[in-house]
Amino acid sequence: MTDLITAPPGSPSVLARPKPRRRRSHGWRNALIGWSFILPNLIGFVAITLVPVIAMFALSFTSWDGYNPPSWVGLKNFRRLFQDDASMTALRNTVYYAVGYVPLTMLAALGLALLLNRKMRGVAFFRAVAFFPYITSLVAVAIVWNMLFNPQFGPVNQFLGWFGVHGPGWTTSTTWAMPAVIVTSVWRDMGYYMILFLAGLQAIPKELYEAAEVDGTNAWQRFRAVTVPGLRPTTFLVLILLTVQAFKVFDLIFVMTQGGPGEATLVLAQQIYQTGIVDGEYGYASAISVLLFSLVLVLTLVQFWFNGRRERK
Amino acid sequence: MTTTALERRPTPRHVRRVIGRTLLYVLLILAAAAILLPFAWMVSAGLKRNNDVFTIPVQWIPHNVQWRNFVDIWSQIPMTTYLRNTVFLSTVITSLQVLTGSFAAYGFAKVRFRGRDTLFVLYIATIALPWQAYMVPQYIMMVKAGLTGTFLSLILIQAFGAFGVFLMRQYYLTIPDELCEAARLDGLSEYGIWARIILPLSKPALASLALLTFVNTWNDYMGPFIYLTDNDHWTIQLGLQSFIGEFNADYAMMMTGSVLSVIPILVIFLFGQRYFIRGIATSGMKG
Amino acid sequence: MGERTALNDSLANSHMDRSTLNVEEGNPVHRRKFLQLAASAAAAGPLLSACGSSSGSSSGGGNGPVTLTISTWSMATTPEFKALFDAFHKAYPNITIKPVDILAADYSTKVKVMLSGGDSTDIITMKNTTDYGQFAERGQLRDISSLAAGSTASSLQGLSSFNMNDKYYALPYRQDFWALFYNKKLFDAAGKPYPTNMTWDEYAALAESLTSGSGGSKVYGTYHHTWRSVVQAISAAQTGGDLIGGKYEFFTDQYNTALGIQDAGATLDYGTATTEKTGYQAMIETGKAAMLPMGTWLIGTLLADKKSGATDIDWSMAPMPQRPGAGGITTFGSPTAFSINSRAQNVDAAEKFIEFATGPQGAAIVAGIGIVPALLDDDTRKVYFGLDGMPADSGFQQAFKPDKVVLEMPVSDKSSQIDTILTAEHTLVMTKQKSIAGGIAEMDSRVQTEVE
């Protein structure tokens, strides 16, 4: 995992360090130009997304039923959050999910992209196939994977049976439901992130590979010396997107297990939905959202910092 | 003599290559079959009568193939209207996302100014929030703006996401700054550099952004469900959900519709994936 | 197949009412101000714009044409709406009804969001009593106690479920209750008499004796769907247990029965039923199960499916099995109701509609399409039993007169949270990850500590 975001010196920068020379002389001009590029998107983003998000932050300090005026309750929602078993279970489950989902999807997506980034007959077909799980109806995905994981008749357990392994109850077992859900999610999303890696691979200059080949390197050395550093920005993008995706996962799990059995696959997003929209406790739901947001923000900053530090070494 | 030598020498290599290729194809075809299994179920269910959809054990090939499902669906629900609405929304949202996203990304990747990185992190952090977290405040805001029930509300919500900005920025970072410097020396403005140098170089990224945005918009259910009320405005995903009634659901028809709704995406995909075949192509990458 | 989908299921089962948290008294003013500033941009929105539509009561009563808006779910597959609307328009030609059609699966979510945004749809249809509790408590519904006091309205089945502090904010037009459906052919084949009043033990033995075959061709004696109500609501109704009381020992017998039937292989096991998303309707219609405890909404489906040729089942209905020594038939049910939005523009017309839909005319229309009306008197029973394809045996008609119908889940501000806990523990007991006693102990302690 770490290897993928490690790069030797001289690779393209992710958080490009400003060059002091240019910055001093053209500071205000650059700022003007920079903002002019960002504004069209930023205006829409602020008006449509950021304002409600700020409102959500404010609501986390209130009790609000979604209709009558919110009333200030200070840190009450947050105190409740850390004493609420269901929310803490959701937090643990979400972290569990992320720890399994992020690296596995990353590897699967990268593997697919490398495998399918070549000139060969039928490559368009295989790429389409890899992308298919993402566009297949969620309901169909949930139904078929539940069938595959069926403890009695499911092919997964039949397969395990050939090796004398008595398969677990998968989605009907509190221990195995989460692994089952992770496998399904990885399967579903790998084609999506493959697309990002495929785009990233196109940016690596052909000449670098040719030069490396002239130097008599083998395929693995070329992968380490050319592909990994060249893919760095993409890998970083995928890593952050996967983290974000993992922490807000909802749809697939909800359709597949509804958070069960028991609370074995209850995740934060479902808890937010449940307490907010279903139970009508928007203040408390907002507090859970703030927790989720802070968690991902910290993780993102750590990844940025880590990434930037690698670069300067 | 010479000819034999010439013929003999490449043989083992050639054989190895053929074996390698064959193995690769066998592997790919097996993997493809496994990956397509749920899709196969979807097609099979789409060709059944509703009561035959869930049988134990699974019936992969329908006993009683209902081709007419694919005809009936057009009259059972206003598929044409839904299709038109979905195409409209997906196209507009994708265009806006690609345009504003790639434009803003240039600011984040190639122009240096104070506060840039902070703003960028803020952008990314908001992607982390599930929509359910701020859905209600956002809806209230849209009501006040008088936009609920219109396509515009949905376009506004989905077109200005941070996703496109992030994706494009990361790609731009791989384009050497020297290129921009050279263009600046040639007297190109920053906007000129974006339009004439950066954009043409980032076709693979543009293609992937367009593709992913299109697919996400096409398959979105909750957004249109909350914001579009009038049946004339519904999208395909809403149409498919309408097969689920209060007490019973017509999964066969739902799957028929799902199969139909995948076809346009497939066309877009096959068109877009051509852009992932430049640069290195054949060389390297055999590891 | 099926019925409710996964999404639908969990929405329908977990929407119970939550009132607001306690408000801390004596907040410093500046905090309030900050709050107003920060939240007014979005959160407090509807309050500021609320006044525009409050003077609705004057319109709709006059002679001018009125357009009445009513929220509905999946109109295309829910025939009662169109039937009621058409008949009402005929009776009141100057009132045109404009349905606001919402997908059934996520009806509750959309209505909640709409009302938060200050929506002014005149009539809000209540899909379940839990949402009703939330809406009424927030002041989103109009007090229609005067309508509820009317002579026919007071005899509506399930009306008492809508009593909130002696006020009524909705009137039921339909009242489904649970009974035991069965497939006559499978009984004939097994040489068993059709079921009548049974105890749970007799039912379990019967289910076992009706089970035959194995693998793909197995026929189950009965089918228990995965909802927690199949065990919990019936047990609460028949033992008098309180589903929101925090003491659940009264579930024990019913769980023993349910797990006993499952262990005997007389019903599809819970794990398979959840993972395969088994549809109860297909289980009975395709002859995979001889009996099926289910709500009376299934009748309308069976009639329609037989008519369209989707099934050729010969079915009837018996009362739910009872506890030994029970006097009379006790079952549980859930009403569906109409209520008026507190922001309604056309209050007079809305009241007219509710009176019509819940009155004798409305009941006859609802009964006429195979749905159990809330006004279940001899007249409507006659319409109902006279329907084409309705079983004619006396057992069926008897099953239609349960002595007591208990509300599926009490209306309370705690119902939603409790429902979530009970559902979670139910899945654990039914998949045998917890013993019955262990599961019930967990329900007790969680409901007592987690529910505020």
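Per-chain numbering from 1; labels A, B and C assigned in written order.
As a working rule, a contact is a pair of C-beta atoms (placed from the backbone, for glycine too) under 8 Å apart; a residue touches a chain by one contact, two chains touch by 3 or more.
In UniProt terms, the chains line up like this: A = Sugar ABC transporter permease.
In this text the structure is predicted, and so the values were computed from the model without any measurement.
Taken chain by chain, the contacts link every pair, so each chain touches all the others. Inter-chain contacts peak for the pair A-B.
Averaged C-alpha coordinates put the centre of chain A at 38 Å from the centre of chain C.
Centres computed as Cα averages put chain A at a distance of 16 Å from chain B. Shared contact sites, meaning residues of chain C that touch two or more other chains, fall at 5, 41-43, 46, 109, 113, 116, 272, 276-277. Across the assembly, chain A contributes 51-52, 55, 59, 66, 139, 143, 147, 153, 277 as residues in contact with two or more other chains. Multi-chain contact residues, meaning those touching two or more other chains, occur in chain B at positions 54, 56-57, 135-138, 141, 251.
Chain contact summary for the complex, chain A toward chain C: residues 51-52, 54-55, 57-59, 61-74, 76, 80, 84-86, 139, 142-143, 146-147, 149-153, 169-174, 254-256, 258-263, 274, 277-281, 283-284. Taken in their complex, chain B has these residues touching chain C: 49-51, 53-57, 77, 135-144, 148, 225-226, 229, 231, 238, 241-242, 244-249, 251.
The part of chain C that touches chain B in the complex is made up of residues 1-5, 8, 41-43, 45-46, 49, 73-74, 76-78, 100-106, 109-110, 113, 116-119, 127, 215-216, 272, 276-279, 281-282, 285-286, 295, 297-298, 301, 310-311. The touching residues of chain A, counted against chain B in their complex, run 12-16, 18-19, 22-23, 27, 30-31, 33-45, 47-53, 55-56, 59, 66, 114-115, 117-120, 123-137, 139-141, 143-145, 147-148, 153, 187, 192, 195-196, 198-206, 209-210, 212-213, 218-220, 222-223, 226-227, 230, 233-234, 236-237, 240-241, 244, 247-248, 250, 268-269, 272-273, 276-277, 282, 285-286, 289, 292-293, 296-297, 300-301, 304. The touching residues of chain C, when paired with chain A in their complex, are 5-7, 9-11, 14-24, 27, 31-32, 34-35, 38-39, 41-44, 46-47, 108-109, 112-113, 115-116, 134, 137-140, 270-272, 274-277, 416-417, 420, 423-425, 427-428, 431, 433, 446, 450, 452.
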